[in-house]
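Let me give you the structure first, and then I'll get to my questions.
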Amino acid sequence: MEHTYRLVIACPDRVGIVAKVTTFLATYNGWILEASHHADSSLGWFFMRNEIKAESLPFDLKSFHIAFEPIAREFNMRWHISDSNVKKRIVLMASKESHCLADLLYRSHASELEGEIVAVISNHGDLRRMVDWHDIPYHHVPVTAENKPEAFARVEQLVDEYAADVVVLARYMQIIPASLCERYAGRIINIHHSFLPSFAGARPYHQAFARGVKLIGATCHYVTQDLDEGPIIEQDVIRVSHSDDIEELVRLGRDVEKSVLARGLRYHLEDRVIVQENKTVVFA
Amino acid sequence: MEHTYRLVIACPDRVGIVAKVTTFLATYNGWILEASHHADSSLGWFFMRNEIKAESLPFDLKSFHIAFEPIAREFNMRWHISDSNVKKRIVLMASKESHCLADLLYRSHASELEGEIVAVISNHGDLRRMVDWHDIPYHHVPVTAENKPEAFARVEQLVDEYAADVVVLARYMQIIPASLCERYAGRIINIHHSFLPSFAGARPYHQAFARGVKLIGATCHYVTQDLDEGPIIEQDVIRVSHSDDIEELVRLGRDVEKSVLARGLRYHLEDRVIVQENKTVVFA
Amino acid sequence: MEHTYRLVIACPDRVGIVAKVTTFLATYNGWILEASHHADSSLGWFFMRNEIKAESLPFDLKSFHIAFEPIAREFNMRWHISDSNVKKRIVLMASKESHCLADLLYRSHASELEGEIVAVISNHGDLRRMVDWHDIPYHHVPVTAENKPEAFARVEQLVDEYAADVVVLARYMQIIPASLCERYAGRIINIHHSFLPSFAGARPYHQAFARGVKLIGATCHYVTQDLDEGPIIEQDVIRVSHSDDIEELVRLGRDVEKSVLARGLRYHLEDRVIVQENKTVVFA
Amino acid sequence: MEHTYRLVIACPDRVGIVAKVTTFLATYNGWILEASHHADSSLGWFFMRNEIKAESLPFDLKSFHIAFEPIAREFNMRWHISDSNVKKRIVLMASKESHCLADLLYRSHASELEGEIVAVISNHGDLRRMVDWHDIPYHHVPVTAENKPEAFARVEQLVDEYAADVVVLARYMQIIPASLCERYAGRIINIHHSFLPSFAGARPYHQAFARGVKLIGATCHYVTQDLDEGPIIEQDVIRVSHSDDIEELVRLGRDVEKSVLARGLRYHLEDRVIVQENKTVVFA
């Protein structure tokens, strides 16, 4: 894996953005390995991601910021640059179901994830042994109707202490309080076990079975205060038939949930996702 | 294509149904080419489709009915038998968009459809020339806010006159009146340009664009009085991205609509679909 | 999960097979939960799988055999019956790559597999710690150019000792000797990391990259003496593009390999696969 | 559809290419609507496609060439620019099978293709009536073992007379002579009815059936002198099972062939494909 800087930009569209940015890069001998652009004519916005050989530039991230800031100001950019060598810190949250958790733990173990799982938080104790094998701290924070505020204060404290760059709800079956959603806007990722907007809310496989759909799906999205309404990062589906009962839908759905969450998280970790209003640009 | 009889059965589940039916068939030397069974334990119902070499049986359909009736009664069967040599009569309905119509006309021309398109009814004149090439009668029945009852009386009259076995709404942009839905229950097939239940109603591609989904789809279903709520026969999706504007979603969606409608209709024409409550068993 | 017997039959096709079998079942009050039939007109063979409520029958497997044998003889059946409560014994073989192994271990842990992983054999020691967590014996049997016969004698001895019903090559990078292939015909399952027959042999992702294909795939098949030529159980593909280098093809391919092997093995464990000549009937 | 210029570039990779090109464009106020870059590190080449609002530039194509030429020389570019308002001229070649031809004719009729079908050449007369409806000239050029050189001289003459930008073999069942392949290198597109490199050559569905594959596919590629070996533009597959006989594979395959050819041709017409050695970069 090459050591790269990722320069991610969103700004109002106009002539000359790419010229300005790439001339800046070329001036400092920056070697572009991969570039993706998107001009959204309905919004009048421009989006851009550049992956640059780190060693080709004379900058560390701090000096890059100073050097690039005037251009960013000129074009009213929302932007950031990240270093592929600085792994993002991931806090996983789970309940009792293990499939998404196990999948991400394995991918981390196999060095497939560009990030480090620094802790697991669960409202149950069931998955501790699995997490222990990976030498990752496991925090059991029970959540009940009564202790909700204290429980989530504890969750928030843990997320802060671990300096999480991203929180992944790997089938965490509790609703995240609005305050946490807001503080970590764009940094909490959920996997919903339906092809949203179909079957939002509880027991989506039961809803899908009742409606008799011929495909079931899963949706990876950023968490906002509006449950199951946040910006969608990734979705996928799998074919089912009349012969699949609910238990079978659940079994088939697990595989889709795992792969959709893994892909969505990967896009996030590699700085491939830009949120604009309630949608995402994903430079996959 | 072999000449076959298709015996399609739905009945309350119990021991001995298959034995009874297949012993009946074997008694008369009936050669089963293809058989599909489904026991739905949640409903307690059993579904069965047998495709039998026509010449292996001593019966025409009428004598088959007489011979089989006691068994059907014994097991409280809802059943029918059809002859693969008797092509089903299809009436297509369309508005201005030609892609589904053209696709079905081509498949009919290429002898891919097990049915005969006997007429096209449209509330516009645009597609007449295309239909003319196929030597199929084209009926222009304009529909306005004012003439709706008369227009649909005319439609119903035409459908009756053509002795339609099935009516296909190939992007027909009018709501079918309840009376017609009821009279032709299980015989009117619609293609909806979304992955239902997502984006029911008008302008689904606009809704999909606004929500930022990563897959768009189409749904082939039987028409009931509840708009877009009828039993689903077939669905499929296609991947889209942030770079696809609405025009592009529409273009990509057309290909999904065509293939989903063609598959759904095919299942219907080959007696592969059984409606039970608001769902379908599809022996694909 | 219901306790069932699975009656799987292959025989020359003629009139009356289903009638005979299902009448036999009905005579003893056998409740058929699921049935699949296939008549292959090119071979003139008939294939059938019946899943029957175990408690509805008065038989254990041994008395079933005695009772059914005359019918089997009459129709020249190749047949077997299995008990869903008797888990098949699986021996996994792996080398250094962990993705398929880890996936199957997880599915076993999550009770998704209808079988019991009784041992892992590897020509390397790398994966021992992963297997240990699952409390499954791990046998390190190194294979070199020199010790091949002894090594595979040891493998065969282990497979015998564990009374394996099925041996799964979960990216085991050694060629299985002909004698073992023969003794365990139809019971050794391999995952090949290409969409066979494309890119048989070594380094299929390198071959795929060189050819510039737009989809890569994986193939689950029974192992025969002809390398990569055995009967195919399951295949799948994933889309790739010019922007994916070999490392990326390998990464994307791993997910396809995992899911194709898991599906293929599942079909085998549930007695859904019948081998006929060099092809399979899969009642999925 | 916006009026655009498409600037497509391939050159040895180095620092500063994008800066140079986009600064050139920005200097003349060129508004970039869409841009795609690809750096192939194994080849050391860089590929780029820019879609620019035509009216934002002060150039016609000729003056663009003059102005851009020094940059192209400096970077050793292989490049071209095209005008979205100048529809590419398509010559279709077909034999007796109509599905690909009918599909492309319909897409042209529906204004889905960015190109104009200027003629159809066939070695049979069967499809004339279909082509006539579209008011497109149909040339029947019979090909026999004896007249091959004369027949293809006539084909070449027609292709020249029609000033074809691209020749599409829409299931044209004759081998194109080497001389024509060479003269029209990168401009003859074929659809092969298998997932290449599997089942190259004749009767691929028969080969697929014999091998018992679980997916069948189609491949759209540029024609070279090496039959079925040219650079692949697009591929896709569809699931099949033991219950599908050859006739059914052919039927299912037709739909894949149609959509793969339509997509591949679309990429070509929109200047999204760059051939490099025996592979393609496709900026889809």
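Chains here go by letter, A, B, C and D, matching the order in which they are written, and residues are numbered from 1 within each.
Keep in mind that, in the parts below, a residue touches a chain if its C-beta (ideal position, glycine included) is under 8 Å from a C-beta of that chain, and two chains touch if they have at least 3 such contacts.
None of these values were measured; they are calculated from a predicted model.
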At minimum, the number of touching-chain hops separating chain B from chain D is 1
Chain whose mean Cα position lies farthest from chain A
B
How many angstrom lie between the centres of chain C and chain D, each centre taken as the mean Cα position?
41
Can you compute the centre-to-centre distance for chain A and chain D, using the mean CA position of each chain? Integer Å is fine.
37
Where chain A touches two or more other chains simultaneously, the residues are 34, 38, 41, 243
Applying the document's contact rule, which stretches of chain A touch chain B when the two form their complex?
38, 40-42, 47, 195-199, 211-215, 217, 231-237, 241-243, 245, 278-282, 284
Of chain A, residues touching chain D in the complex
15-16, 18-20, 22-23, 25-27, 29-39, 41, 56
Footprint of chain B on chain D - complex, ascending
34, 98-99, 102-103, 106, 109-110, 112, 133, 243, 251, 255, 259
